[in-house]
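Two complexes come next, and they have one chain in common, subunit A, joined by subunit B in the first and subunit C in the second.
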Partner chain A sequence: MDAESDVALDILITNVVCVFRTRCHLNLRKIALEGANVIYKRDVGKVLMKLRKPRITATIWSSGKVICTGATSEEEAKFGARRLARSLQKLGFQVIFTDFKVVNVLAVCNMPFEIRLPEFTKNNRPHASYEPELHPAVCYRIKPLRATLQIFSTGSITVTGPNVKAVASAVEQIYPFVFESRKEIL
Partner chain B sequence: MSGPRKCPDCGSSDIVDDAHYAQNQLVCADCGFVLTEGLLTTTFQDEEHLQEVTYSRSTGQNEQLSRCTQRGIKRVQDLCKVLRLPAVFEDTALSYFQRAIKHPSFHLVRLEKKEILVGCCVFVTCRQHNWPLTMGTICSLLYADKELFASVYLAVLKELELDVPALSLMDLVKTHLNSFKLFQSSASIPARFAEDKDKMVARTIQIVELASETWLVTGRHPIPIVTAAAYLAWQSLQPAGRLSCPFPRFCKLAGTDLPPPAHLRLKELNDILLRMASQLAWLRVLQVDKKTVVKHIGDLLQHRHFLVKSSFSSGDAEASSATAAGQGSESSPRVAGCAGQAEGCPPGGKQKSSTGQRPLLPPCLLNPRKRLRTAAPSPAEQAITGDEAISDSEIEQYLRSQEEMREFRKAQARH
Partner chain C sequence: MASQMQDLDVLPRVTCPNHPDSILVEDYRAGDMICPECGLVVGDRVIDVGSEWRTFSNDKATKDPSRVGDTQNPLLSDGDLTTMIGKGTGAASFDEFGNSKYQNRRTMSSSDRAMMNAFREITNMADRINLPRNIVDRTNNLFKQVYEQKSLKGRSNDAIASACLYIACRQEGVPRTFKEICAVSRISKKEIGRCFKLILKALETSVDLITTGDFMSRFCSNLGLPKQVQMAATHIARKAVELDLVPGRSPISVAAAAIYMASQASAEKRTQKEIGDIAGVADVTIRQSYRLIYPRAPDLFPADFKFDTPVDKLPQL
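Our next item is the complex of A and B:
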């Protein structure tokens, strides 16, 4: 049972969430009036602004904190965040692009085999939790990487972690365990 | 303990047992030295006259604990009584509850969550002792919201650092079938529908094992599978009278409700049984379809290991030879003989496999959900560093021009 075969697994990053601060107070009503592609949520106190080219949705608060979601790589997230800061600058605010940080990365990976979930949970007891009544996948947490993996019986694995490197190492770490509990053709 | 005792003072061995004001004392008859007070013997006679009050029933507990904790403790005890759990479970559940209620995340919350915490402690205790209790049962007893229960349950597992083993499906089958009302004929249940409990339980367990081997159980809710398996087992035990009874009517007769996924599970089980039936030559000739396969469930279950194995390997004919074909009899000695013959047949046998047999796959792979995935980034896009210059024209598209702003203001003013 060789788990070190030369199988190259495609890890597809589906979402990167990042934050940055503009270090100045933002007038949400002005943004809602003068910006195109914006939605003003008055009850919650935020503005949603969508960019087209890097397909990104930004949530803007009046304190100057901005959260960007929807990018497919860390560089694209920074690309989109800077464009957003530039548009806010053009609207007339004294924007300084600071404290840019990638907060969360969501990736999907497909294993070429199916996985027996009850067996996997039994072998990986403290880290894996499987409640079929709640969710069809096993939730596996890797504490040192601060990564969470959701392992489905079809072999599809969803990973969330603080950055792309953590996500890649999480998949590398889980591969041997998942390989152990794979479905063999009888 | 109760051997001959000596007085430590004078050394005499004349010790009498004296009940002074109903308190037992051991006193030396010579010098009057009191050796010990209190109970020394543990004979059955003595214990009958004991009036021990447990701490939980005394008032001492009430003075030391807060009202919320007291109420929670009482709720845990009531829940254990309702579910008729052994006393050990009650003690464990109480200890979990008392540990959990001290955490601020369970103490400083609204009453609904505290009620759910009670249910979670009992649920965790049952799971740890492999007592088959489902979340659905607990939620219905507490009139609780399922999502809220799920979140409190996961929080309890995290805070108390508990390890919970998986739900045992076989025990769940037995408990669930206990609640069915089909085992005696009564006013609402005609005699031909009533069934013997042990036979039905045994057959349902076999069908559930078959489902777990063929990937119908992984990741799914357990109760709909058990309900669908019970329906098939019940029908197959007396197919003559029961084939015409539909699934909802069966559930009404049994006194359980029909969970929505159960129809899908029933369909999947029928597909599996049909696949297995196609591996048996005498059933192939009979041309079973999903309505009549129920009649043959007994045979299929008897040889399920062999049939499932041959279904999994992609459709090669390992079926029994043609001598068994055309008979269609269901008597057991016949079946045993044919199966023996089939197993003796070498793989890649003489018969041609029926065309178009795809291999047996889990249902999630047979009906994949189409997901729109963006293509992998092209090399040009991969060269993004994030620090490129931004042109003004790019930003102009995100800002409104003066005319647009005027139009927008006018539109807003109308509201």
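Our next item is the complex of A and C:
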């Protein structure tokens, strides 16, 4: 059953989360007062800065660590992170852009068929966990890739993994299992 | 009739001279060790461990004078061989100010105090929903395993206890919904769900999926529906899941919708609100699931069902 070569599945990356360091202490108050498009969360100790061009939200800590979320691809994440570092530099901090790392990638994929979840869980016992009372999707973990897939009965699958490649291979790995437990369209 | 006393470390301590291999039977009332082969009384004046006086009272509430220790379970706690200082009777046990001397009768099994607390809590929770003793024992065992593993040490003990109770009910084949466990516990459903997943990972077990039939008898009895309606509802729900009319719906919602359909077709009608109340589902949820099974209603009913309201007159929501 050579299912993969017939169908081209579109894997849409919806979110890329990355971190980087600025290697210098940041004065959050100054950023909050002088920066554009910032929200200062004083109780937790961080500043949120939202960029428009790559639509990105960055969480900035005073230690100089920054978490960047909302990008739609790895390159975009890097552009956004650099742009952010540039804007911090313009505010007067001695920013050095180091330790850029993509931490999490969230992607969505749609199967052309519906899936029978109870059957799927029975066939994939240790990796799949299904609790209909808690969440309507089956949670399938692929340990070597460190990827988690949420499989819904409509056939749409949400994948989270450490990078885009892991996400793609996770979808490829799960396809045959999901294909087994599909619901045939009459 | 000579008896030979061998080494006290070797069991059995004495052997019958004629049958050295046979294991001696102990008659503790008379204090004898008897060889089962020939009936020879081999050892005598063995210490009697029976009760010292006869007790005739039937009620267990009064202290049983023949028992020396409490009937605690050495399997679960650390072994219950501790001594506590009692309350004290007579004048000598009180010091000058009227306080009792030797006040310190606490600190027994301090290492497992939290565990005993949890067992008490588990018994209380199980009592509220009338769970049988075997489920409570299983819950205690699960809790002990989780507690000893210490991987969930940061979580509230009550949350872990509630999750253990949920797992035990599942494992015994009589699952309770999370909402039912929530009702007898102070922990939120979210937290119980989280602990449940963590415990399954920690103990490396898995549980069977819940089916609609597991809850039918309980829900129908609570609603006061007759056996016919219950059987019809079970059949409807099972058929609906087989035909996959309700993909992605929780089995509880499907069961509730099936009960609604069956009750509406019989003489004992129940409203969606009543069923929702018992099952812990919102009545809009029942409405949604009912809409999905309504088109195939004639196929879902069992063949021998007596309709009070015919199938085409069933309410359409």
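Assume the second predicted complex is superposed on the first by the 180 of 186 C-alpha atoms of A that agree within 3 Å, B and C clash if a C-alpha of one lies under 4 Å from a C-alpha of the other, contacts with A are read in each partner's own complex, and residues count from 1 in each chain.
Everything that follows uses one rule, which is that contacts are C-beta pairs under 8 Å (C-beta built on N, C-alpha and C of every residue); 3 or more make two chains touch, one makes a residue touch a chain.
Keep in mind that this is a model prediction, so the values were computed, not measured.
Peer 1: Do subunit B and subunit C fit side by side on subunit A in the superposed arrangement, or is it a clash?
Peer 2: Overlaying the two complexes on subunit A (C-alpha atoms) leaves subunit C and subunit B clashing.
Peer 1: Just to be sure I read the superposition right, which of the two partners does A:133 touch: subunit B = first, subunit C = second, or both, or neither?
Peer 2: It touches subunit B and subunit C both.
Peer 1: Name the contact category of A:101: first (subunit B only), second (subunit C only), both, or neither.
Peer 2: Once the two structures are laid over each other on A, A:101 reaches no partner at all.
Peer 1: Regarding the shared-chain residue A:30, is it in contact with subunit B (first), subunit C (second), both, or neither?
Peer 2: neither
Peer 1: Between subunit B (first) and subunit C (second), which, if any, makes contact with A:41: first, second, both or neither?
Peer 2: neither
Peer 1: Examine A:125 and indicate which partner it touches, taking first as subunit B and second as subunit C; both and neither are also allowed.
Peer 2: both
Peer 1: Tell me the contact category for A:165 with respect to subunit B and subunit C: first, second, both or neither.
Peer 2: The answer is neither, since A:165 touches no partner chain.
Peer 1: By residue count, is subunit A touched more by subunit B or by subunit C?
Peer 2: In the superposed model, B touches more residues of subunit A.
Peer 1: Of the stretches 59-67, 95-103 or 275-283, which one of subunit C hits subunit B?
Peer 2: 275-283
Peer 1: Across the two complexes, find the residues of subunit A that touch subunit B and also touch subunit C.
Peer 2: In subunit A, positions 114, 116-118, 121-122, 125-126, 129-134, 136, 152-154, 183 sit in both the subunit B and subunit C interfaces.
Peer 1: Flag every residue of subunit A that touches subunit B in the complex, lowest number first.
Peer 2: 10, 12, 33-37, 49, 51-53, 72-79, 82-83, 86-87, 90-91, 114, 116-118, 121-122, 125-126, 129-134, 136-137, 152-154, 183, 185-186
Peer 1: Using the touch rule from the top, collect the residues of subunit A that touch subunit C in their complex.
Peer 2: On the subunit A side, the touching residues are 114, 116-118, 121-122, 125-126, 129-134, 136, 152-154, 183.
Peer 1: Along subunit C, where are the residues that touch subunit A in the complex?
Peer 2: Within the complex, subunit C contacts subunit A at residues 177-178, 193, 196-197, 200, 206, 209-210, 244, 247-252.
Peer 1: Within the complex, which stretch of subunit B touches subunit A?
Peer 2: Against subunit A, the touching part of subunit B is residues 134-136, 150, 153-154, 157, 163, 166-167, 215, 217-222, 308-309, 312-313, 362, 364-365, 373-374, 376-377, 381-382, 384-388, 390, 392, 394-395, 397-400, 404-405, 408-409.
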